[in-house]
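Following this line, the structures themselves.
Below are two complexes that have subunit A in common, paired first with subunit B and then with subunit C.
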Partner chain A sequence: MTARKLLSGLIATAGTLALSTGLVAAEDEVRVAAISGYFSQGFGISIMQGLEQAQADLGIDLTIVDTGNRALDYEEQFNNLAQGSYDLIFVMGWELVDALSKTAEANPDTRFIFIDGVLEGDTMTYIDFLEEEGSYMVGALAGLLAQEGVAPFANGPELGFVGGRDIPVIRNFLMGMQQGVADNAPDVRVVDVFAGTFDDPAKGSELAMALFGQGIGTIYQAAGPTGEGVLQAAAAAGAFAVGVDIDQCPSAPGAMLGSMLKRADIAVYDVIEGHVTGTAPVVPGTVQVGVASGGVELKICEDILDQIPQDILDQVEAIREGIVSGEIAVALND
Partner chain B sequence: MTDATAAVPAARKVPAWAEGPISVVFALVVSILGGALIILMVGENPVNVFGTLLRGAFGTPERVAGSLLQATPIITCGVAACIALRAGLFNIGVEGQLYVGAFAAAWIGFGFQLPPVLHAVVGLAAGMVAGALWISIPAIMRARYNANEVVSTILMNYVAVLLTSYLTIVVFKRPGGWSETEPVAATAHLMRLIDGSRVNIGLLIGLVAAVGLHLFLTRSSAGYSVSAMGSNPKFAEYGGVRVKRNIVLVLLASGAVGGLAGGVETLGVHHRFMEGFAPGFGFDGVIAALLANGHPLGVVVVALFFGALRAGSLLMEVETSARREIITVIPAFLILCVSAQFLFRRRGGVSGERRWRF
Partner chain C sequence: MEILSTIFTVSLVAATLRTTTPILLVALGGSFTTKAGIFNIGLEGQMLVAAFFAVLGSLWSGSAWVGLLCGIGAAVTMAMIFSLLVVTLRATEGGRGRPPNSRPGGRTIALTTASFGVRGSIGNPGIVGLPRLQVPFIHGTRPWGQMLSGYTPLIYAAIVLVFVVWAIQYRTRLGLYIRVTGEKPEAAESLGIRTTRMQHIASVLCGVFAGLAGSHLSLGYITMFAENMSAGRGFMAVAVLIFSNGDPFKVFFGCLLFGFADAVALRLQTVGMSSYLVLMVPYLVSLLALFALSWRQRDKVYRTMRRTLTASPRGT
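After this line comes the complex of A and B, so read on.
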């Protein structure tokens, strides 16, 4: 409560300062917009939580734009936003990159913040999640369980990976997992498949069933709604899945080993807070969010936590500390 | 309404011309009032929302260009649907033809090197061939086995979307990046009409197609035989029209124009093929053709209306607090009111074996 008072005090001071020096117009609310086609799905929900939290705490003016799915619309939507005098515009979705780049180039003073990737334009800001770090921990945990044959998680020396589309960011998940497995459980192998779509739970379920049928005990999915099918398949097959982006443990209780969280809510909130309070005004460049800043973490599902041997939990915690300290470097070989 | 012949343009009396616009205005008033009610329910100011819709569609020259850009594929897809409709056939597969046409044109664009202009022309021709090939199976099945073309063309849509997805993801994917092909060579780009806008000669192509179809149907004997077939196939056959051959030709032409619409989108707007890039344009075209009662010039008017609604609703989303769900409802409600009015007017006097009347 006091923190909030302090904060609003800060904003008020910043506002009056700006007013008295004539730096900004009478409008002292920071205007934030966010544009994506995924606000109702996993990662997008997390972004929305961060935005809504910022709206509640920091009193920003918030506009949400859903892109829909027609590629023809994207450029007009970005132009409309660029002309809307917003202070910050969050963008999420790789299919928007082309339209975003064009608009950002034409409006270099508009602060576009691209979530989850780094593009070429040097007038934009990028929030780059180090998903490979969290995926490394997933690989380490599942790999150790498989290598030591811990029931009920292990079922032979193979782990599965189901990706959505075969795009760079999803490859990062796979590479992190493979590295975590290779470093900590060298006898275990990762079998990877890509669904080719993020929107097809039935396909995810089908692919997962095929993998479970091959004797794979645990599958890590990075496939959006397609991945929901993987979780359901794990429950149906009596096997295990690892969720992604948000806490998916409740999706299939008893069949979930954990979730690799990308805390977009924390990252988005931090960026807005830094800008509103003036402690870290948003400038072009890359903001990296990884295990060290708490923006990426592995959450082991509580209902199965007691079935994991303590020594493995200790090893995973040691790995986390290793990543935080920089002792363990998760590299992307692309 | 009481005039049963009002639906046949040739027999329309002069007062019937006034009847149309008056009832359109009436439908617009009803739909605006209804839309205002919806807007009030979500706690927004209707004047503000409709004002934003208008500004988004016509506010600046750029926004007018945006409306034209949105209307372009609907015009061409509408003409494609019209061709079939006038012959008493339904091509609900314009969507699929648009996808295969778009892909074929893009493939010519990124896979081959040709001189400027020729490259674009060959690309568009490839789109038309792909669209025609895509409808050839339903067309032959319809002519030879009387298989319902509504069902077969709809089913071909799914195959087209998934096939082009497969080709994009598995065979032609640009390394790295989103599920899209390599960019189309600059020699295959369609000329843009306005600086700073993606409106291109595809718009003119659509307009020429609409006028051309209108002239064909009203001024040529082949066009007359197509219309006759649509009005009463048995009588047309009795009168010497080779109905089965015409069914195939008409559907192939319809599919070719559907493919052309796709080619225009990839060569004129996107300059590459993206998986699932344009959901619904084919269906918008079919709706436009139905609303225009199969009249090619009417299709242009309806498509421009649809395009303006879409462009306007894009601004509504940015400038009002209404969410996309509501914003999608308002144009849909406008279209519903206008189309309900059209359909009422068309009732009465359905006779003989016509599947559709004009």
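After this line comes the complex of A and C, so read on.
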């Protein structure tokens, strides 16, 4: 971690570094490409940071392909990449899956790395975030606050969960949270609801209002844009929400307990580093990124941090260490 | 009993009004086009575009009311394009309705990217939402206050507009002309009513309401824009229109029933019922009820449905 923090300080000088590595471009320089339509927001920004950091201190040759909104030439873009003799090609975005699968099948030796999901096809590499580990920590923190009745977060022995659709990946978030609650705050119960869609923030807010109206103090959402309605409802109700994927603390200041982050920057950097140094060359299969590498993390929002008792913070930190060491195993029971 | 008392609370009334309003507003707009004999499948798209421009207007001007006007303007523009294609150029409604629906999805994505450099959603703190109205005297923590006060203005407006729409359709010459145009176009022509003009007027009126609905969604219900945030409400309104034949009070009944069933359904989830089962309930309940209500006019309903299905040869 410390090395990484040092490096992030170097980001400011990344431009010059990139320039100098460009000048000494050797024949065996690792060529990395990344393709997505989302580089300018949320998760995509995080991916860009990881790529740029790798460019700055590992001296890779980096190509960014922004798909924009041109669904028709996805396949063409992938074919161009496959013929570009890249060592690693990062892909993010579910709308690209069809084109990716076709291209990967036709070019089994090209190393496509799909970020945040496991697909069919055994020639690709998948970065799979262990969201259940981070969700376990969310459950532990919110559960402890509810069990000990810490104002203003707790409002009775129940916590809420709002999911997008009721599908396995969203269930992973819920199961992690439930385990975190059960292990650390056995008197607390999780009430879970699903919006049936990821696109409907109004529905998310309506679901959250129903939960808050039943006396629930904190809701964890894993529902994409639907979940942003949950955050707004928390702010309106004077209650709390926990965000997901990216740092959502700024979305509803004062009404956010924390955010369960998927640190794509760390995941991407680690994969490139392993490949460049040869310690972990990228092969087809699944790379699991969890709390241990810092790729999944619970961020407690800074503006409310001082309202959380120190002993609960200590317990949550102990839980994090337990997950890292393997003492606490978060299992998916399906 | 405990379950019943969890579900049937004062907040259920509030939730029903909230879930009803967006669909009711857009369906009231569709009532004009239905009466004028246009099958308007473009409601969803008009609503979405309005939601987007309302947020844009609010963000740039700092006023929710300017945002509302921008939303209405955008929806009316869409409605005019729709009526130009359908009425003047006589394209099939389904065939023309499909692109105006499917394109706003992509267009708003392109526009969000162009205006904000992001995709997905705009949740900028600079978006000014519509104010919540505190009704004098009854506002407070008592049940009546909770039930009747503290909503955004368009929720009250929607209910008033049910009566306004009825009055326009049944108590004005314009309303009469629009209805005659839809029911007996030949008779209307022979009376010297310019049916194409009536259909254009109905389309524009529809756009105004779709604009209100979309703006309500992104500035009233919540204050943000997300891709496809209309989430099928426009299509639900189309279904209500088919079964209600566009009668304002039947439209109101259908939307209210849907809103109520929706509000109950999401509370059923909190007591542990499966989301798959529960999420389908509101659609089922309101469509069955409306179908029962229009049993005597079922031939007309079948005709409209057949027209809908055959009018989109390219399918969706």
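Keep this in mind: the second predicted complex is superposed on the first by the 212 of 334 C-alpha atoms of A that agree within 3 Å, B and C clash if a C-alpha of one lies under 4 Å from a C-alpha of the other, contacts with A are read in each partner's own complex, and residues count from 1 in each chain.
The rule we apply is simple: contacts are C-beta pairs under 8 Å (C-beta built on N, C-alpha and C of every residue); 3 or more make two chains touch, one makes a residue touch a chain.
None of these values were measured; they are calculated from a predicted model.
In the superposed model, A:324 lies in contact with neither subunit B nor subunit C.
Applying the stated contact rule after C-alpha superposition, one finds that A:228 touches subunit C and leaves subunit B untouched. In the superposition on chain A, A:196 makes contact with both subunit B and subunit C. In the superposed pair of complexes, A:84 makes contact with subunit B only, with no contact to subunit C.
Shared-chain residue A:166: touches subunit B and subunit C both. By the document's definition of touching, of the two partners only subunit C reaches A:42; subunit B does not. In the superposition on chain A, contact is made by A:251 with subunit C only, not with subunit B. Looking at the shared chain after the overlay, A:207 reaches subunit C, while subunit B stays out of its contact range.
In the overlay built on the shared chain, the residue A:282 is in contact with neither subunit B nor subunit C. Across the two superposed structures, the residue set of subunit A contacted by subunit B and also by subunit C is 68-69, 166, 196-197.
The residues of subunit C lying in touch with subunit A in their complex are 6, 9, 11, 15, 18-19, 22, 106, 109-110, 113, 117-121, 123, 217, 221-224, 226-229, 231, 262-263, 266-267, 269-270, 274-276, 279. Within the complex formed with subunit C, the subunit A residues making contact are 37-38, 40-42, 68-69, 163, 166, 191, 193-194, 196-197, 199-203, 205-207, 209-211, 213-214, 224-225, 228-229, 232, 251.
Note for the complex: subunit A touches subunit B at residues 33, 63-66, 68-73, 75-77, 79-81, 84, 94-95, 97, 165-168, 196-197.
Residues 56, 62, 66, 69-70, 73, 165, 169-170, 173, 176-179, 198, 265, 269-270, 274, 276-281, 310-311, 314-315, 317-319, 321, 323-324 of subunit B are the ones that touch subunit A when the two sit in their complex.
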